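Here is the structure we will look at.
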Amino acid sequence: MVAYIIRRILYVIPIALGVSVIIFGLVHIAPGDPLNAVVPPDAPKETVELLIKAYGFDKPLPVQYLIWLGKALEGDFGISYATGRTVSDAIASGVVNTLILAVGGIFIGTIMGCLIGALAGYFQGSWIDKLATGFAIAGVSVPHYWLGLVLVIIFSVELNVLPAMGMGPGGSTSWTWDSEHLKHLILPVITLSVIPIGIITRSVRATIAEILTMEFIQTLEAKGLRKGHIFTHVAKNAAPTVLAVSGLQVGYLLGGSILVETVFSWPGTGFLLNDAIFRRDIPLLQGVILVLAMFFVILNLIVDIAQSVIDPRMNRS
Amino acid sequence: MSETILEVQKLKKYFPIKGGILNQTTAEVQAVDVIDFVVARGETLGIVGESGCGKSTTARLLMQLIKHDDGEIIFDGYAVGKSGGITTREMRKRMQMVFQDSYSSLNPRLPVESSIAFGPIVHGVNKSAAQKKARDLLIKVGLNPELFSRRYPHELSGGQRQRVNIARALALEPEVLILDEAVSALDKSVEAQVLNLLMDLKAEFKLTFIFISHDLNVVHYISDRVLVMYLGRVVEIGDVSAVYNYPKHPYTRALISAMPSMDPKKRTEAVPLVGDPPNPISPPSGCRFRTRCPFSEDICAIKEPILIHTDLKKRQSSACHMGDPDSGHSRTNLNGLPK
Amino acid sequence: MSTLSTNSSKNLDAGQIITDSPSYWSSVRSNLKNDPVTIAFALILLSLLLSAIFADLLAPLDPYKTNMLKRLKPIGTEGFLLGADELGRDMLTRLIYGGRLSLLMGISPVVAALLIGGLLGLTAGFVGGKVNMSIMRVMDVFYAFPSVLLAIAISGALGAGIFNAIISLTIVFIPPIARVTESVTTQIRALDYVEAARASGAKSLTIIRVHIISNVAGPVFVYSTSLISVSIILSSGLSFLGLGTEPPQPEWGLMLNTLRQSIYVNPWVAALPGVMIFLTSLSFNMMSDGIRSAMDIKL
């Protein structure tokens, strides 16, 4: 197992390099001169020349990549000409706000998903199961940006009980634990939790149903174990799957939150990305994507390792 | 026409095992470790041994479904895949194989007729002629083409599927048929029918069989000669009657004494084989059977016994120090082992 | 041995009952016939598709005709069955026309990715070894991005436009399709019937054509239909972000984006385009599930 973990950690290196190549390439697939992508058209001549030097646009592509990579590793993604701030500053606050949403979404998603999935798995074939399965498939089919809009219509426009936009009163961009900020959190987190609820429900249902047909459960029943005890056995066996599925969902939520943040004007990375797209601010786009993708890569790594540790069957030698 | 149709010389196949941090090759399974034997035209050579001894690997090597690391296969006097010899493709046209799993060896999306006709079509026979051939072969294997030619594998019983597999193997009009546990998965009654069918077909098409099985009774019934494998090596080879009645190698003897018999007089009290075979990644030094052999001595760990005579003239030979007077083993006087 | 005894031994095999048992595909058909839910969603999809194709005949008004007097009329307004948008254009008309671009942008990336990813996966799975390694490691790199992120990254860099959105989504869907194709191909390549085909001397391309594709196609096709559901959501999402279609084209995601500004005036009209996206995505998912269980495919 140790060899597997080391191999898995080492494997992150080529993947991360590959990811960085793709993100570096974004500048070059952008139409027009890559210079135009990083420099505003009305910039003074001296600035342009300075930037050509700084980005190494006068050097061959691999050298440009290495220069860019070196800077990125130091946390320097360039200057966002849209905001004038350094990209890393903008990302730092954005990432925290996005994580708040993603963690909230996965928290609700995992609890609800396990609950509904377990009920469906236990009462397989019953109306509960049908309802849960239908709900799960609706959850994975729903365009979540639309769902957010519908929630806003219901709770902000029609009922006027919850705020429609922002993270806190007065355009707050940093989180504090008070009732106002919590109120702002409710709708976006519910919106985001729907997809993981759907996916986790499906996999928990399948896992529970599979475990219940296994012979060791019948043995436990034959031994006269109470239902509660049997449940702990089932839960223990279902845990690795649930962990893997919901762990990965955190990553997908980081991506999915981009659209939801747009709906709720939540000041996270999604909002930043939206800004970057709108102003064609490629350095900001690259920086945000790189950080989120690396987050996802590390998350995958952690999930794989955690799974190999808690699940003895995964002896991947 | 020579007497020998197939000759295997120093055939070797190791499978690498990946592992460690860089997923490098950390060990090798010595699946087939330098074996020699010959097959006479028209005979049935049985190959027996426990699972994992290299029987199936040998079959796949003969068909060149996997590449051997070393050694040579000589088909009808021509080295396979060598310049001046014959190509793998030519050899495959003359040697065919029936696999153990009757279900997975038929394409589930093709009607059985198309599965049988596939080989001839590949070799340039036109489609309608190939289909006619497929139907004729279905008759030969005892399946009415009116009922069966358009059926899919999942609509057939195991025995019927294996008949189709036999028909498919015969479609290229081969001279040699390798049967890799071809009847092992079948019910006993069906197995007997298929065995009879095979004997009939062998006579009708003048085939040579290489019959691989772990079932010693079946091998005894169908074979002319028998080859015993243990951990990737040949430990004994010879005429069926000689090997079954006077096994020379302690392993052969153990196998045969473990055979269930209906005759109470034939039941032996000899030591049965204990334990599992050693790991083929790190087989024992010297004689590979010594860790399970009741007659093992120091010499067995030091010196590797060699199977000397593999040609057809010799009725029986074994790779055991006890059969070689000069080996240094204390029991070399035994001609055959005490029963 | 005489022919007579040969025949007697051959004809012993039990089970030669005269039944015309069904082929695989006819059993799939009968499974589907007994699944009213799948049929219902297939019919919904069909009607969505037909109404998009025959939008000219079905839609009551011109999708581009603005009417300042009818701006943001609610659902049920005389002459505007589903209300009017922020420029007074008929919602029903625009929803019907919107199906054209939304379905095109949702389906075509998966079709393109099926061709490219399928070929890559087939090659990797069949050839194996180093070829497999190099193809699949490149796929792994793309897999390291959450799909929404990759789609936004590529179309963000390429800029807005239908074609750019389709390209970026195609890139998003190539790796998952390649992975599924590779794993199914690898499994099938190891089966004895492929070995038997090789043993009969067939060339690789013949084996792929006759034995591999017919068995890989089913699972990969079913998986791809479930991806269309994701693709519909993502492509409309790109338009919603301003990265797909551009105004005044009728497209569900873009309509959702422009109407979003008006939720305080006429909230439920704003929600309508999303209903269409949801319905389409749900129908593809349900149909994919139905076909999967009818074909008895486990992915």
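Should a chain be cited, it is by its letter among A, B and C, assigned in written order, with residues numbered from 1 in that chain.
Note that a residue touches a chain if its C-beta (ideal position, glycine included) is under 8 Å from a C-beta of that chain, and two chains touch if they have at least 3 such contacts.
Small disclaimer: the values here were computed from a predicted structure and weren't measured.
Visitor: Which one of the chains is farthest from subunit C, going by Cα centres?
Guide: B
Visitor: Point out which chain occupies the most central position, where each centre is the mean of Cα atoms.
Guide: Closest to the centre of all protein C-alpha atoms: chain C.
Visitor: Of the pairs A-C and A-B, which shows more C-beta pairs in contact?
Guide: A-C
Visitor: How many Å are there between the centre of subunit B and the centre of subunit C, using C-alpha atoms for each centre?
Guide: Distance between chain centres: 48 Å.
Visitor: Could you work out how far the Cα centre of subunit A sits from that of subunit C, in whole Å?
Guide: Result: the chain centres lie 24 Å from each other.
Visitor: Find the geometric centre of each of subunit A and subunit B from their Cα atoms only, then give the gap between the two centres in Å, rounded to an integer.
Guide: The separation of the two C-alpha centroids amounts to 55 Å.
Visitor: Hey, what residues on subunit B touch two or more of the other chains?
Guide: none
Visitor: In the complex formed with subunit C, which residues of subunit B make contact?
Guide: Residue positions touching the partner: 60, 63, 65, 88-89, 92-93, 96-97, 99-101, 104-111, 115, 118-119, 122-123, 141-144, 147, 151-152, 154-157, 159-160, 163, 165, 168-169, 171-172, 190, 193, 196-197, 199-200, 203-204.
Visitor: Of all residues in subunit A, which touch subunit C in the complex?
Guide: My answer: residues 14-16, 18-19, 21-23, 26-27, 29-31, 37, 137-138, 140-147, 149-150, 152-153, 157-158, 251-252, 254-256, 258-259, 262-263, 273-274, 276-278, 280, 282, 285, 289, 292-293, 296-297, 300.
Visitor: Can you name the residues of subunit C that touch subunit B in the complex?
Guide: Residues of subunit C touching subunit B: 1, 6-7, 9-16, 18, 21, 23-24, 191-193, 195-203, 206, 210-211, 214-215.
Visitor: Report the residues of subunit A in contact with subunit B in the complex, numbered from low to high.
Guide: 3, 6-7, 10, 317
Visitor: Which residues of subunit C touch subunit A in their complex?
Guide: The contact residues of subunit C facing subunit A are 137-138, 140-142, 144-149, 152-154, 156-159, 229, 233, 236-237, 240-243, 256, 260, 263-264, 267-268, 270-271, 273-275, 277-278, 281-282, 284-286, 289.
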